[in-house]
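Below, each structure is written out as structure tokens.
You will see chain A twice below: alongside chain B first, and alongside chain C after that.
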Partner chain A sequence: MLQLVCIKQVANTETRIKVAADGTTLDPSGVTWVLNVYDEFAVEEALRLKEALGAGEVVLASVGGAGVTTTLRNALAMGADRAVHLKTDDPAPDGLQVARALSALVTELQPGLVWMGKQAVDDDASAVGPMVAEMCGMPCVTVVCKAAIEGGVARLEREIEGGRELVEVPLPAVLTADKGLNEPRHASLKGIMAAKKKPIDERPAALGAPGLERLALELPPPRAAGRIVGEGVAAVPALVQALRDEAKVL
Partner chain B sequence: MSRFNGVDFYEIDSLLTPDEIAIRDSVRTWVEDRFLPLIEHAYDEAYFPREIIPEVAEMGLLGASLPEKYGCAGVSATAYGLAMQELERGDSGLRSFASVQGSLVMYPIYAYGSEEQRMKYLPRLAKAELIGCFGLTEPDHGSDPAGMTTRAVRVDGGFRLNGAKMWITNGTVSDIAVVWAKLKDEASGKERIRGFIVDCKAKGFSAPEQKRKHSLRASVTSELILQDVFVPEADLLPGVEGLKGPLGCLTQARFGIAFGVVGSAMACFHSATEYAKSRIMFGKPIGQFQLVQAKLAVMLTEITKAQLLCVQLGRIKERGNLQPAQVSLAKRNNCEIALQIAREARDVLGANGITSEYPVMRHMCNLESVYTYEGTHNIHTLVLGETITGLPAYR
Partner chain C sequence: MSILVYIEQRGGAVRSVSRETLGEATRLAAVLGGPVVGVCCAAADPGLAALGEAGAEQVLLAAHPAFAQYDSAGHAAAVTAAAKQVGAKVVLFSASSIGKDLAPRVAARLSVGLATDCTALAVESGRLVATRPVFAGKAFQKVAFPASPAVASLRPKVFAPVSAAGAVAAVSALPFEWDASAPRAVVTGLAGASGGKADLTESEIVVSGGRGLKGPEHFHLVEALADALGATVGASRAVVDAGWRPHGEQVGQTGKVVSPKLYVAVGISGAIQHLAGMSSSRCIVAINKDPEAPIFKVADYGLVGDLFEVLPALTAEVRKLHG
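And then the complex of A and B:
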């Protein structure tokens, strides 16, 4: 079975991000780029399934600029077989555009499973998985925290408010991975060396027209400095009052 | 404490290839996730966390720069060095484990062994199915290994070895030992140093652990005692005679140390920096005081210089031009600055610096050993002295 894992390169969450001069995109200078953490769970789960089946192929796909190659190589180093880089110069295509480009690839490759993270940690849109499923006419199960795939059927557990939901879907299907699905492996030195020789197929991303326009990107306002209301027991009434009237947490 | 993201003040990453960076970062994350949670307890209780060994092998950290043909990763010298840097940021004991297995056991079998010996031992050593140690130093012969008293004599079908080795990392937990001993050449009657692959289960071989160390506590250090140990002919390393055999291995291991101790220094610098920014004294962070800033400035400067030495050392090695004295310079300098940084970092952390809540004192104690093992600081000084003047001080 061919499994397609769609991954996104995102800014390291520890990066102190800046908004670019255009006011709608991220300033890429000084940013460390990493594989979206939820996509890492998706890659790991696809690899484990392939290892359990003892056959099949894990293909990675990513939409983005030239820099995406590094992240594709790092994910190939975990053990995926090959990658398709859907190239675009657009620094922030919207979810609909990315889904369009990916679903064209899904149609071409006919994977048994399409994996991706439940969301990308940069824009938190959670849009691409369900959109790809819709465009390709496949069932979609999001926020998967446990997966068992056998005989053309996926039995899945989803993290929901206060519990877990058990779902069963026929393949092919689109599954989006949550934290807790697995513990992703560390790329071994051999894996990293092998990844250098694995093919990355580069082709233009068929994004089409955007579905939404991003008007502005703003950093949260800096937090106001704290205030010491007093010291010792005498300060308690003032503190309680401030917590109730100003912070409104009581 | 914020996550460790390396030290790169001089865009040193721009001197590295993408796979070298990927290797360093993957080992860094592995150390962070898998090794650091184990180390403080292991150090306290003075044991090497052996449960980690299969993962060390799985990561490809044993003999990483040897060819794929022998089950190794075949990475560049620089990538190997950067992996050692990250292991030693974890603990010198972890780096020592990998150094000994890779540079002192696998390397001599690779460089001086027959093809049969390579195929027999290297893949199993890379997978850690076999653990190895290296027996050169003796109780009475450290800096002067030529004075060794361990001897091999020819017997029917092989050799009989007698002698004792000391300060042997991994000794007690080893399956095989690469032992260096003097063997009389039958034709000339002269004694030459030869390398033997000794089965640690052989009759007459024992390896009691050296306990009660104040340094490298999370590392196994042992004596090797050889009493009439029989070694079959097939386990003599055919490719080398004389002191250049063991010294060739040590050049490999010292190369790893030159990189490794930069990792210890980075750990101490990171710890001191974080502490200085958050510890409030006299109403402000101690990092705002000039005396503390001066210490941090010197640490960053010395780490940056040491990194540059390492990258260039790696590139020289990759070109095949590496001179042992160049390795001496880097080993000598980097151990010295790492130890100095560890001591200064301990000072920045004040009383907290002596606790196991911070890695600083552990690195400091480890570095006292690393400063001395694999060629003491003084001996490397004399190697450089001889290189400069042509006049050997130790002869």
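And then the complex of A and C:
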């Protein structure tokens, strides 16, 4: 079975956000780029399934600019077989556009499973997985925190408000990964060396027209300065009084 | 030209987040015009007429036995049919578990973009503009919708419901196509129910614990305060990664983003990725023994002290208040 894992290169979560000159995107200067953390779980789960089956292929796909190669190589070093880099100069295509580009690849490769993270930790849109599924006529389960895949059926758990939902879905399907699905491996030295020789197929991303018009990226107004109500147990009554009478939240 | 609102139900009860979404739809309708129409997928009518009081003029009921559980394929077909039937110019969801799953499917079916997890909607020069947090709230993105309908999901606990006492919504059946042959994800059960406690993202009050608790065996101090406040327990990434707490409790950029009216951070230093997940809370309280901890920079009220002494005293004081 061919598994397609869609990954995104994002700014490290410790990044202090600066707005680029265009006023609508992240200023890339000084940013450390990493594999989106939820996509790591997706890559790991696909690799584990391939290892369990003892057969098949794990193919990575990513939409982005030239710098994405580094992140693709890092994910190849985890053990994926090859990658497709869907190239674009747009620093922030929207979910509909990315889903269009990926769905064309899904149609071409006919994977048994399409994996990706539940969201990218930059635009936080959580849109691409279900959109790809709709465009390709596949079922989709999002925010998967436990997966058992056997005999063409995936038995999954996903977190919902106040509990976990148990879901069954026939393959082929699109699955989006949540934290807790697994503990992603670190690339071994051997993996890193091997990744240098693995093929990355570069082609233009067929994004189509934007689904959203980007008007602005803005930093939130700083919170008004708070105050220290005091130290230790002695300050507890003052804290409770402030919460009740000033903030009116109790 | 209507404003369509997806009405969410679980177990035959309409979820309160839908009243928030209806509230915003009502405010938009006052500017953009058009009736506010709800669409609900359920096995049987969960009392939709009562949503008149929350601002719905009309509610379309897509009834099917499979809708006793969330059925993503069926819901997407029904909501898309409703959007076409009422000529929706705006389609709104709550950015809940269901809304996050469903809204992108509906947008894809309608071949339009989607603004998820919005914290504000406004009409500027006659067009809808959505504001949405990105980088877990470290920045806000403003977007417009080049095509119609505009599809957006709204962050829970941000938008106020309205109250039109005595108003009744007209409920009618929605014809939609049930494609029995389509491969679909089927919900087979529920597990790990939290005993009726509100989810982190939908709680009025959240009490989160961090590494300052020194071990999972001390989290009962956080739980006791949460109990006294009627709050939900959260946790920092450090303690989740250490295995002290389940990842479902993690607040921050790689966990949940919350905006309760009161957020209490206990023994949490305030790493940037944690701050990203809670700094939109209305009131923030920090309890930490280190007066230099970054958490105090975002806190409205700070208390410097040993949490092992402060927490039991605070819990007792809150209990006294609630009598």
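Here is the rule we use: the second predicted complex is superposed on the first by the 230 of 250 C-alpha atoms of A that agree within 3 Å, B and C clash if a C-alpha of one lies under 4 Å from a C-alpha of the other, contacts with A are read in each partner's own complex, and residues count from 1 in each chain.
Heads up, the rule we're going with is that contacts are C-beta pairs under 8 Å (C-beta built on N, C-alpha and C of every residue); 3 or more make two chains touch, one makes a residue touch a chain.
These numbers were taken from a predicted model, which means no experiment stands behind them.
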Margin query: Between chain B and chain C, whom does A:138 touch in the aligned arrangement: first, second, both, or neither?
Written below: second
Next item on the list: Report for A:150: first if it touches chain B alone, second if chain C alone, otherwise both or neither.
Entry: neither
Notebook entry, point to check: Once the shared chain is lined up, is A:188 touching chain B (first), chain C (second), both, or neither of them?
Noted result: first
Item checked: Which superposed partner A:201 touches (first chain B, second chain C, both, neither) -> neither
Next item on the list: Tell me which partner A:51 touches in the superposition: chain B (first), chain C (second), both or neither.
Entry: neither
Note to self: Can you tell me whether chain B or chain C touches more residues on chain A?
What the structure shows: C
Next item on the list: Determine, under the contact definition given at the top, whether A:13 touches first (chain B), second (chain C), both, or neither.
Entry: second
Note to self: Quick check on the output: what are the common chain A residues between the chain B footprint and the chain C footprint?
What the structure shows: 14
Item checked: Touching residues on chain A, where the partner in the complex is chain C -> 11, 13-17, 19, 24, 26, 37-38, 94-96, 99, 121-131, 133-135, 137-143, 145, 157-170, 173, 178-180, 209-220, 223-224, 226-233, 235-237, 239-240, 242-244, 247, 249-250
Notebook entry, point to check: Where on chain A is chain B touching in the complex?
Noted result: 14, 32, 70, 73-74, 77, 186-193, 195-196
Note to self: Please output the residues of chain C touching chain A within their complex, sorted ascending.
What the structure shows: 70, 72-73, 76, 96-98, 100-105, 107-109, 111-117, 129, 132-147, 182-194, 196-199, 201-202, 205, 229, 246-248, 250, 253-255, 257, 261-262, 271-273, 276, 279-280, 282-285, 291, 296, 298-306, 309-310, 313-314, 317-318, 321
Next item on the list: Going by the contact rule at the top, pick out the chain B residues touching chain A in the complex.
Entry: 2-3, 5, 18-19, 22-23, 26-27, 29-30, 33-34, 58-61, 64, 68, 73-75, 79, 83
